[in-house]
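Next up: the structures, one after another.
In what follows, subunit A forms one complex with subunit B and a second complex with subunit C.
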Partner chain A sequence: MTPPRSAARNAGRAPGAREKFSDWANRHRKWLFAAPAMAFVGVLIIFPLAWTLYLSLTDSQGSVRAATEFIGLENYLTVLSDVERFWPAVGRTLTFTGIALVCEVALGMGIALLLWRPFRGEKWVRVAILLPLVATPVAVGMMWRLIFDPNIGFANQLLAAVGIPAQPWLSGQDTALGTTIFMDVWQWTPMVVLILLAGLTSLSEEPDEAARMDGANAFQRFFFITLPLMMPTVIVAILLRGIDALKTFDILYATKGKGGGSFHEVETLNVYAYGLSFDYNQYGLSSAVLILFFMIIIGSMWLLTMRKKAVSK
Partner chain B sequence: MTVLSENTENTKAQASAGQPRQPRQPRPVRRPKKPLGTRAYKVFRVAALIAVVLFLVAPLFWMLLASLKTNVDIYDTAKSFIFSPTFENYANVLQRNNYFVFIFNSFWVAFVSTALSLVLGVPAAYAMSRFTMHRSALVVLMARVIPGVSLLVPWYYVFSNLKMVGGFEVLILSHMFVALPLIVYIMMSYFDSLPLELEESAQVDGLTPIGAFQRITLPLSVAGMATAGILSFIFSWNNFMFALVLSGSKTKTLPVAIFDFVSYASIDWGGLMAAATVVTIPIMIIALFTQKYIVSGMTAGATKG
Partner chain C sequence: MKRRSVMKYAAVAAALSMGLTACGGGSGSSDAKESGIVRVTLANHVWTEGIKAAIPEFEKSSGLKVELTQLGEDQLSDQYNVKLNAGSDEIDVMMYRPLQEGRAFAKNGYLADLTSKVSSDSGWDWKDYQEGPVKATTADGKVVGVPIITEREVLYYRKDLLKAAGLEVPKTMEELEAAAKAIKESNPDTAGFVARTGKSAAVTQFSSFLYSFGGDFTDSSGKSTVNSAAAKEAYAYYGGLIKNYGPANVSTDMSWPEAMAIFTQGKAAFYTEADSLYKNATDPAKSKVAETVGFAALPAGPAGSKPYNIPSWGLAVNEASGNQDNGWKFIQWATSKERTLAAQKAGVPGPRASVWADSAGTSTYPKDLAEAIAASAKNGVGHDRPEVVTVGKAREIVGEPIVASITGADASAAADSAHVAFQKFLDSEKK
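Then we have the complex of A and B:
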């Protein structure tokens, strides 16, 4: 199964050079084990990142193979002064991530609290929670496209049943982003539930019991006991979910296609960068966008990790 | 601690166990302790849980229903739930559009990339956990943070120069890139929780460190590897962006095939829903049978704080 197997097998019997190899392998097992994976990831990351950095300083477009010229920071200036596509995309990325995270954590906490104590039919609820989580995002996007279709979609049928006029949902310029946030909430709240539930079940019962003895009601116990104790887990959930939410691509591209729809209404940074690269072949520009995007991700992650350290202490 | 336990259920148990000292104590203590509005909460909880389950399952059910309708029935709102089901859409999708090939492609890419990632990732996670190589671990975990698009342009360039785009190798490599960090992350927290003493005693008994890893640690971590492997398989199966750029007409995976379906048949809702169902069903069946592994993988390392 693992590369060092032969070394270990020889350890018992082969004398001489082979035994020396196994000794060597055992002494250096730390790097022997870690190096292949690190090399794999390193080669596939570091080289492309360096290249992206380089491309972002050139006027590369049309074909990556075409002769390119070094133009310094011009791409960055172009991108940063682009109020038509870039800044709205930044805004949408942050809106999408922010609203989705707030909804997912709030809903997730609620559902996790519902599931905290054992009950009958628990198994079925767990199955239901798992289903969106493993469903293929592209298929999920298609599914919601049908449900949110303005004419034949079930969403508008439901609204009609309670007397609300039909909504354009995905096809509306103002409603599209909100609708995709809803899809993200549907698909990923379960993950937050699972993480928070794991956190809840590992909490010690004593503080809660003590507060109960002192006559605290359920809300007080939650806000003053459970929630503070859960903060590290909540931040882990935000961190894990936040990284993926910032990078959301599948559902947006699957439901709205190139450029995030004809008015770019769901064009986030990831969709924008993908479009620049593979729909319009503007490699220099897209690389600059990507470097900036990457900095946004690292920055927000760093902030959250700091916060988590502060909370854990 | 002692105060607490005396005041909870133990009080009653002690009292009934025949301690004559405080015969009437339990009642006044227990009354206020019982949460107020228990019945109301129970009703609320059941209602809320039903709402949650409906919210999560209903859309998938709707997709399934639509896949069994003719396109005429899909457009007829009177036939939302009552209609005569047909498997025509599935027959169309599977036969005419070569979906069996795409199913195989998805399966093959997910399987091989998961297997290779396990081979590389499990020893790495072990070393990183045992020698607390947090900085090295960060390198691998970086892969989870970087937006995939930033890697795709250089990959595309290199791999198309090597004439590898459109082959399975490049797809498998790119999916390994998703799988490996996931596996390292899950296995690291798994090895962290595995007691070191077992290996140490095996080494005292004469096994080399690598031998101990191989004969003691690996067999003990089968559950962890199952968790990591299943999750990695699911993520690979669902991956869209890498395959969208790097797959060719012969290596197209299911998510890409479904996406293509829209561009040339955007009104064939029945077919589209059948295609969407075809991609989700296998992964859901796997998920149902491996529930506990998925849950433990999703929550790996989340509660250590």
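Then we have the complex of A and C:
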């Protein structure tokens, strides 16, 4: 075999700058290839986070460029002692996420089990189920807002047709949060179905068959065989959906606007922070809320990941 | 320069939207330094539709090219918050709300000083502008904007329903309440009265009721007066009208599109709203009651009929823009007498006295509306919301008692607690 031409040309000569660079690049290639991604993470995640952290320690308001004073943890104290807006918003964020997650996982599991075994028209059913997923959340919010309009909305007209009195849906102080949870469930259950279905199809059939031979009924097989085997997948679904549900914004803003309605009835941490920034121009305070929110997200995700590890063992 | 502005954007975007999904649109080229391009940001509005159609005319006569960005009100505000905050030079001319954002923008130094520009062109004629609107676009003695649209609150009503009930057009608040009651009682499916109900959205329309009852948001020394006897009466009256004679299942989130929809669907007899939105009610394509809608001046309260009379939108030049002279050229053209007349004919009440004096300026208006506007302009009040820097927060505070009143809670107690919160807010702004 003839040696490569370049090798022949370079034989007997000290390595030049190009060779040196290529050697260096070869040795550091794992860093080199990762560099664009790292720069991306640095600029778009670490820098904004650090900047928000910095802002949260200042009295920045009005304009981000205005002179600010470093005030330490004062914003955090203000926020943490705010029982009118902050704590109710925390409560709503957790309620929204909790209820939406439970409904989505339960419904998602049910639908995934129905779709698990092949049947006629399967393709069409799958497409139909995935439809809500492809709509923009803002558009979904607008659509449901029209449907739930107390006076001219379709929902109340439908109720009237069967003789049920009109419901306040989104406009009620007590019903608004529930209605937005329903919208979230409507839109995101399909994603949970997708994840769980992928998990189901990758399960081995043998434990199930063995249990069947032993005379276990469908109920027993689901709770003692399928569900435990599916637990890691379920937790992945909860993790993915949980992060998204915690930071839901579009649906809430599109349906109830600034402040989450006249009574702040759907004001979650995200909506609250948005109002603080864009409506009140209180950037320091808003940053403190966002940092606390970030910690809540990280904390709950850490707990879930721990749980997943325990289940996988 | 370019790199620095990218960093500034990243910083501001980070500060404003970490964890949020709100994103601005793409950015255009940013190096048009006194170039042939004027970048104009406008709100979705009837005025914008008219100006948009006329832009080729401006491009031809000036040799400049206009790059237009058009956004909804809230998106427009958010966009300014991000871009102006970052000191962006990507906007040359901006449409803004003098009473909502004017003070904050002027305080932050976002608006270029136009004083010498407005006074240098006698043909364009700054003296022609009404006093109230000029005051609203002036900050610390400097002219920072040119008003383009003025608004007064008027009464929209259904001629057919009034006629059927044998009622006259109400001239006082008492008559309005009695008429709303009579109509609601004889037509169970029709509301007697509808208006905005959202805590923040209702404040501007409630303001006229407040003034007509003899109240205001603050007194002459800048102290809160939202719990004065007059204010309490006004809160109780406005909320009571909606609670007792409003639509069934009334929501507390209505801004003008929702309230207007109820009126134009034929589901309400009376509606108080800004006159500049009248086309929504008289355009058969948008309104089922286009044929039967009538207009009148706001009914008189104990202190008379005192609607607000304000400039709701103005044009300003971005202080950070490197293209200020061309930006001014655009404003000069867009606010000229001819363009103002054209806009006014298309249904946008303008701020120029000469256009109002010209019979052509009011020729396209329903006669009763033109009369209501003329009456309102005479005794109108120059603001429709608290005159503060952080208007958004102030509106939420003074709007609480409106919502309390609509939902049947104790409006007087709500006004007392709003007073405490509002005074605290006013004190914090003085610091």
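Everything that follows uses one rule, which is that the second predicted complex is superposed on the first by the 284 of 313 C-alpha atoms of A that agree within 3 Å, B and C clash if a C-alpha of one lies under 4 Å from a C-alpha of the other, contacts with A are read in each partner's own complex, and residues count from 1 in each chain.
By our rule, contacts are C-beta pairs under 8 Å (C-beta built on N, C-alpha and C of every residue); 3 or more make two chains touch, one makes a residue touch a chain.
Given the structure is predicted, the values throughout are model-derived calculations rather than measurements.
K.L.:
If we overlay the two complexes on their shared chain A, which of subunit B and subunit C does A:250 touch? Say first, second, both or neither.
P.N.:
So A:250 meets both subunit B and subunit C here.
K.L.:
Which of the two partners, first being subunit B and second being subunit C, lies in contact with A:262: first, second, both, or neither?
P.N.:
second
K.L.:
Name the contact category of A:47: first (subunit B only), second (subunit C only), both, or neither.
P.N.:
A:47 contacts both subunit B and subunit C.
K.L.:
Any idea whether subunit B or subunit C touches more of subunit A?
P.N.:
Larger number of subunit A residues touched: B.
K.L.:
Where does A:227 make contact in the superposed view: on subunit B (first), on subunit C (second), on both, or on neither?
P.N.:
It touches nothing on subunit B or subunit C.
K.L.:
For A:274, using the defined touch cut-off, is the partner it touches subunit B, subunit C, both, or neither? Pick first, second, both or neither.
P.N.:
both
K.L.:
Once the structures are superposed on A, label A:312 by its partner contacts, choosing first (subunit B), second (subunit C), both or neither.
P.N.:
In the superposed model, A:312 contacts subunit B only, not subunit C.
K.L.:
Figure out whether A:102 sits in contact with subunit B (first) or subunit C (second), or with both, or with neither.
P.N.:
After superposition on chain A, A:102 lies in contact with neither partner.
K.L.:
For A:158, decide between first (touching subunit B), second (touching subunit C), both and neither.
P.N.:
A:158: touches no partner chain.
K.L.:
Who does A:287 touch here: subunit B (first), subunit C (second), both, or neither?
P.N.:
Both partners, subunit B and subunit C.
K.L.:
Based on the A-chain superposition described above, do subunit B and subunit C contact any of the same residues on subunit A, and if so which?
P.N.:
Overlap of subunit B and subunit C footprints on subunit A: residues 44, 47-49, 51-52, 55, 64-65, 137, 151-152, 247, 249-250, 270, 273-274, 277-278, 283, 286-287, 290, 293-294.
K.L.:
Enumerate the contact residues on subunit C facing subunit A in the complex.
P.N.:
Of all residues in subunit C, those touching subunit A are 10-22, 74, 77-78, 81, 84-87, 104, 107-110, 197-200, 247-253, 255, 258, 261-262, 265, 267, 389-390, 392-393, 396, 399, 403, 407.
K.L.:
Report the residues of subunit B in contact with subunit A in the complex, numbered from low to high.
P.N.:
Touch residues, subunit B against subunit A: 1, 4, 7-8, 32-33, 35-36, 41, 45, 48-49, 52-53, 55-57, 59-60, 62-63, 66, 74-75, 77, 80, 118-124, 126-128, 130-131, 133, 136, 139-140, 142-157, 161, 173, 176-177, 180-181, 184, 208-211, 213-214, 218, 234, 237-238, 240-241, 245, 254-256, 258-259, 262, 269, 272-273, 275-277, 279-280, 283-284, 286-288, 291, 294-295, 298-299, 301-303, 305.
K.L.:
Any idea which subunit A residues touch subunit C in the complex?
P.N.:
43-44, 47-49, 51-52, 55, 60, 62-66, 137, 149-152, 156, 166, 168, 170-171, 173, 247, 249-250, 256-259, 261-263, 270, 273-275, 277-281, 283, 286-287, 290, 293-294
K.L.:
Using the touch rule from the top, collect the residues of subunit A that touch subunit B in their complex.
P.N.:
Residues 1-5, 7-8, 11, 22, 25-26, 29-34, 36-38, 40-42, 44-45, 47-49, 51-52, 55, 64-65, 110-111, 114-115, 119, 121, 124-140, 142-144, 146-147, 151-152, 154, 157, 186, 190-191, 194-195, 197-199, 202, 206, 209-210, 212-213, 215, 217-218, 232-233, 236-237, 240, 243, 247, 249-250, 253-254, 269-270, 273-274, 277-278, 283, 286-287, 290-291, 293-294, 297-298, 301, 312 of subunit A touch subunit B in their complex.
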